[in-house]
Amino acid sequence: MAKTLTQEFTKGLWEEIAPFRLVLGLCPVLGVTTTIENGIGMGLATTFVLVFSNILVASLRNIIPSKVRIACFIIIIATFVVVTELLMQAFTYTLFLKLGVFIPLIVVNCIVLGRAEAFASKNSLTFSIADGLGIGIGFTLSLAALGAVRELFGANNLTIWTTPTSIIGIQEVFGTNFEPFTFMVQAPGAFVCLGLMLCLMNLVGSK
Amino acid sequence: MGYMEIIIGGIFVNNILLAQFLGNCPFLGTSKKMETAVGMAMAVVFVLVLAGVITWVLYTFFLVPYKLVYMRTIAFILVIASLVQFVEMFLKKSIPALYAGLGIFLPLITTNCAVFGACILNVDKDLNFMKTLVQSVAYAVGFGLALILFAGVRERIILARVPKPLQDTSIGLVTAGILSLTFYAFKGMI
Amino acid sequence: MLNQKKLIVSHAPFWHDGSSITVRSYHTMLAALPAALFGIFTYGMPALGVVSLSISFAIIWELLINKVTQRTVSIGDGNAALIGLLFAMLLPATSPWWMVATGTFVAVVIGKHIYGGIGGNPFNPVLIGVAILMVAWKDYFDFNEALVNYDLRFAMVYPLAAAKHLGTSGIEAFSTAGLLLGQHSGGIGATFGLGLILGGIYLIIRGFIRWEISVSFLAGVFVTALLFHMSDPSLYAGPVFHLLTGYTLIGAFFLATEDSSSPVNFIPMLIYGAGAGVMTVLIRNIGTYVDGVVFAILLMNLINPICDKIRPKALGKVV
Amino acid sequence: MIKRSFIGLTKPMLKYEALDLKTPEPTIIQEPKKVSLFLDKTYGFKDTILLKIGDTVKTGQKLSVSENSDAYVISTVTGKISSIETLAGDYGKTFTSVSIEVDENEEIDDQFKTLAAEPTLDSAINFLSGVPGKPAFKIFSDPEKPINTIIVNGVDRDLLVGTNQYVIKSDIDAVKNGVRILKKITGIDNILIAVPQNMMQDAIGGGAQVVTVDSEYPATLPAMMMQSILGQILPAGQSCEDMGVCFLSAEAVASIGTAIEEGRIPSTKTVTFINKDGVKSLASAKIGTPVRNIINAFGVTLNEKDRLISGGPMTGATLYSENFPVLADTDAIMIQDRDNIPFISDYPCINCGECVRACPANVPVNMLVRFLEAGQYEEAADQYDLYSCIECGLCSYVCVSKMPVFHYIKLAKYELGRTTSAEATNA
Amino acid sequence: MRDLLLMVVVLTVLSAFSGGLLSGLRNATAARIEVQQLKFVKGPAIKKILQGVSNDPIADRFTLKDGDIERKFFVGKFDGKANTVVLESSGKGYGGDVGLMIGVNVENDTIVGAGVTTHSETPGLGATAKDNPAFVSQFKGLPIEETFEVTNDGGKVNAMSGATITSRAVCAAATQAGSIYKKLKPQLSEKLKEFNK
């Protein structure tokens, strides 16, 4: 059944939302989501790489010989990852510092390679852009959601974006008396939180 | 930093999986059965150590002198991808028995954050050659250890009466969290 | 025959020794009672509050999760109450109510019920609850800070913290008899050494816990502490001190022995117990945490499934 | 049921009670108006049925249902066949039940008498396989599994049961006779007789080496006796016959002795009757007598939801009706009051390890039961020693969760047996 | 053969494209990245060291050649007078190099403040060097051309408890800063004069 352009876009937002449905690309999901801001930043960086590598792969799909396709995909993806690294260093340096090693790690993110291989190498340019955008935004939303839960309980804050001069978001959501449940922003909390969110998704999905 | 600290640190305190969040996809993907977990663990040890050493050499003797550090992401991933290819071909031809055991896990390793991440961490830490080698081995052993322990626990969970929506990955993640919590035991021990 | 009587048809054996989960739970609570009551007498109303709150919350969470998962109500087996009691015994008497609520939730729901309830849990639920609270609200778990407003007959300094920060010189005030009789600060039910030992012996004699685990745990603590002490007597406290302070005794008799997360075979039980003992002292002496029992046992819980594969050869097994 | 002792450190320690020397003679159960005899096979759809309702049969007559099967039963009474039914038992077993209305005037079939003068293995196989004690003579004729040792079981398999011990005490001459005949017809010289410590004297002399068996359950189960008497360990999944050892109950051997001596096939079974309060008595009943008659003879009332058991408390099988007959191997009838029945629960294993410590075969029951509960029988057999189980029931007896562990084990063995035999036929 | 050729060509073209794109981008962003790094990594430390300055030290920076190495100096103006420079040096710590920013008053050659910048020390132990003002403030007011050592080694700097190695690294960095300062003092004074114009 052929899908429309809109469907290709929206499937990434629910049906195939990563990482919940695909259970891939877990490392950044777990590693950086201590705040919404980090989640969004990581998500957008991944989306950027995803969309541009999809564009290039889809445009070149008829030229790339199948034997070396994985190597080509990797070169393409790695190129955009470095582009992202450089741009982030130049324009959002603090975020770059917070996300640390996870930015270069986009290169091994199974989702990105997975989309190149499974989708962009077989579909037209426009569809591949829709796919990349959809999956990327879905990924961003998931990361933001996880970041929101973890930050809310673990730090009593909701930070959407920090600029050098101010913070967009809410601080001390539960009031100043609340002692944050810092387990949530620690390593084990990431796993537990993601696991429980996945359980919720399964519950909602099965209805 | 002494060797002992690198070893204890790499295996337990800064366990690449549980403390640094690297390599989670194979961690969850290959831990349902002890057999696969052991296979994956061995494959990772093999590739991670080789890749760690080779990327260090590449970084120290090529990228740094030629001021190409910003290209390390590309350089490393290409090294790892070709290394995996090469190891696969080599094993297939020369040690078929080992290939039969590790073969299916090798392609997965190309997209394993643990391998790539360990290479990056190694060069970031500015270690010398021997220490890089020891550090890679420690990371790899830490990965294998966590994976195998996790598989032991997961084998039991599969037999428990876990509620439906929690089954499989969901409960796996929660358990991985507790696993990571138990590794807090080693905090401060280096 | 028309007037056929309905008889019970079932499978052999037709006898049962009468043991049950309910009986085990209540007897474990009974064994824990002396230490818990001692804590309540020592710390007064706040301690009583924490204990009753903890037991009630544990039961409420269990009931709720029974309803949510649509399973038979299992609060009757006493396990939830036991979890509540043991959990409270580890807490400082001043724990705020929300900490008790969160901790029992973690213990009962995350620790036990997501694994399908009793018997499925790979880790000791009580310890998961405590460990998560320990990392989330460090300050509330710092006994020196938590119990600062108490003025009791004995020095209100947490012995393990004193040993950690000041070395042996910090613990001269603690006599062995004092430690045994609960003349030191700590968790509500964790300080009364004599009571815990009596409870433990009761459980061992009744066969409710396996002596191999408790004994090897204590031996592990003793030997490791002794080695440390011999290496630097001014820095590391002696073995008896380690046996009688912190969670060592409650850990040996009530926490490490939780069924589902501990081994059942002889050699694995020894490995498990001794491993937990050794790790306890390692964490206390060279790790970050003041007391190592919680993480040491959790770590051994993790090793349990693999460790318990060491077992005697089954009859007639051909290899 | 037996309560756990206050001190729970040790294993269960269930002792066989040695038969009291002053045990009264068995209560003789009157011959019933109707008997039911069981054949171990059912007849197939296309089989020629040899028996008809209304046929008259004589005492001692050999009854076969079909030509295609060598299963038979020896009639214990004279009378008219009133019904022939097939019945299903546990784990896929099937029976044919032949009911006979008893005639007052007993006529004896004398086909066997002539054979008795010159006993052979063949005549034993053909006439004596259904005597009290149910000796499995057929195993002596399997050329692939030669038997080299016979153990005469003067002990009883289960707790509280005293049938074979009684035979040793009351009828030792018949047993010795039987041993002699067995030697003759099977050509096997190595015959041992196993008795409890206090009966050692009774059994000595008679051509069989006397050995004693420990008094703690499950020392009398075949696999345990192989180990304690012969020093052989039964390999997992194999039977004693595979190892060349055959167990015959003392009652069976005595029956052989009597049969050959007197030229008459014995038909009276000694049954231990275990009352609701655990008191045991002996009864002597014709094979085929409904269990009801025994219960009535002891003046016991069986209520709704009580439990009626054929065999002992650890390994017996429940009967769903009092009309069930005494069979050739019914060593005991046990009644349990509904208030004393320990129920099983639907709790999972809590990993307490009681079963592991109780298991005489070192089976990792705690793990095994998880796999069995999940229906993963093959893993259970491969990794968790399902086939090492000697079926003593101790694991269920001690299970804190009150899981039907023993039931799971038997079911798993049965299911695995079915799949392997299905594979064998398909292959 | 054609396939092989195609493979080689595609791979080469891709690599070339990638290399070109990246080196172009690298050149285009290099300057900005440097500013950003200075602003976010060194900026906070510099700001702390030069409390109350009237200029923007990151904008007022200059480089000097120290042998082959280019060193950056940040200028602080107090009361309209450019009399302070901040320079960076480093020492070997527990987990790698520890970067130290150190501010020196060129008029009396004393330290006006110091702050740790980059490091990979253990959180809770060595990492406190960065957050804990008590440790680095020990350097304040000391003459720069000294050899700094922790008390254990016979010096007068109190080490952070549990992090002697990091403390040593900071001392070594300060000592190194002193020698750089000494070596480049003449040029420094020259440069500062330009700022005072």
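The letters A, B, C, D and E name the chains in turn, as written, and every chain counts its residues from 1.
Here, a contact is a pair of C-beta atoms (placed from the backbone, for glycine too) under 8 Å apart; a residue touches a chain by one contact, two chains touch by 3 or more.
These numbers were taken from a predicted model, which means no experiment stands behind them.
Counted as hops between touching chains, the shortest connection from subunit B to subunit E is 1.
The set of chains in contact with subunit A as well as subunit D comprises B, C. Set against the Cα centre of subunit D, the chain with the most distant centre is E. A comparison of the C-D and B-C interfaces places the larger number of contacting C-beta pairs at C-D.
In this assembly, the C-alpha centroid of subunit D lies 90 Å from the C-alpha centroid of subunit E. Centroids built from CA atoms put subunit D at 59 Å from subunit B. Distance between subunit A and subunit E, defined via averaged C-alpha coordinates, is recorded as 34 Å.
Subunit C and subunit E have CA centres that are 51 Å apart. Contact of a single residue of subunit B with at least two other chains is seen at positions 70-71, 74, 124, 156, 160-161, 166, 171, 174-175, 178-179, 181, 184, 188. Residue positions of subunit A with contacts to 2 or more other chains are 71, 75, 78-79, 82, 86, 188, 192, 199. Counting partners per residue, subunit C has 110, 114, 116-117, 119-120, 132, 135, 288 as the residues that reach two or more other chains.
Applying the touch definition to every pair of chains gives A-B, A-C, A-E, B-C, B-D, B-E, C-D.
Subunit D makes touch with subunit B in their complex at residues 348, 370-371, 373-374. By the touch criterion given at the top, residues 1-4, 6-10, 12, 223, 233-238, 302-309, 311, 313-323, 334, 336, 338, 341-342, 344, 346-354, 356-357, 360-364, 366-367, 385, 387-388, 390, 393-394, 396-402, 404, 406-407, 410 of subunit D touch subunit C in their complex. Of all the residues in subunit A, the ones that touch subunit E in their complex are 60, 63-65, 67-68, 71-72, 75-76, 78-79, 82-83, 86-87, 89-91, 93-94, 97. Considering their complex, residues 3, 6-7, 10-11, 14-15, 17-18, 21-22, 25-26, 29, 32-33, 36-37, 39-41 of subunit E touch subunit A. On the subunit A side of its complex with subunit B, the touching residues are 23-27, 30-31, 70-71, 74-75, 78-79, 81-82, 85-86, 101, 104-105, 107-110, 113, 187-196, 198-200, 202-203, 206.
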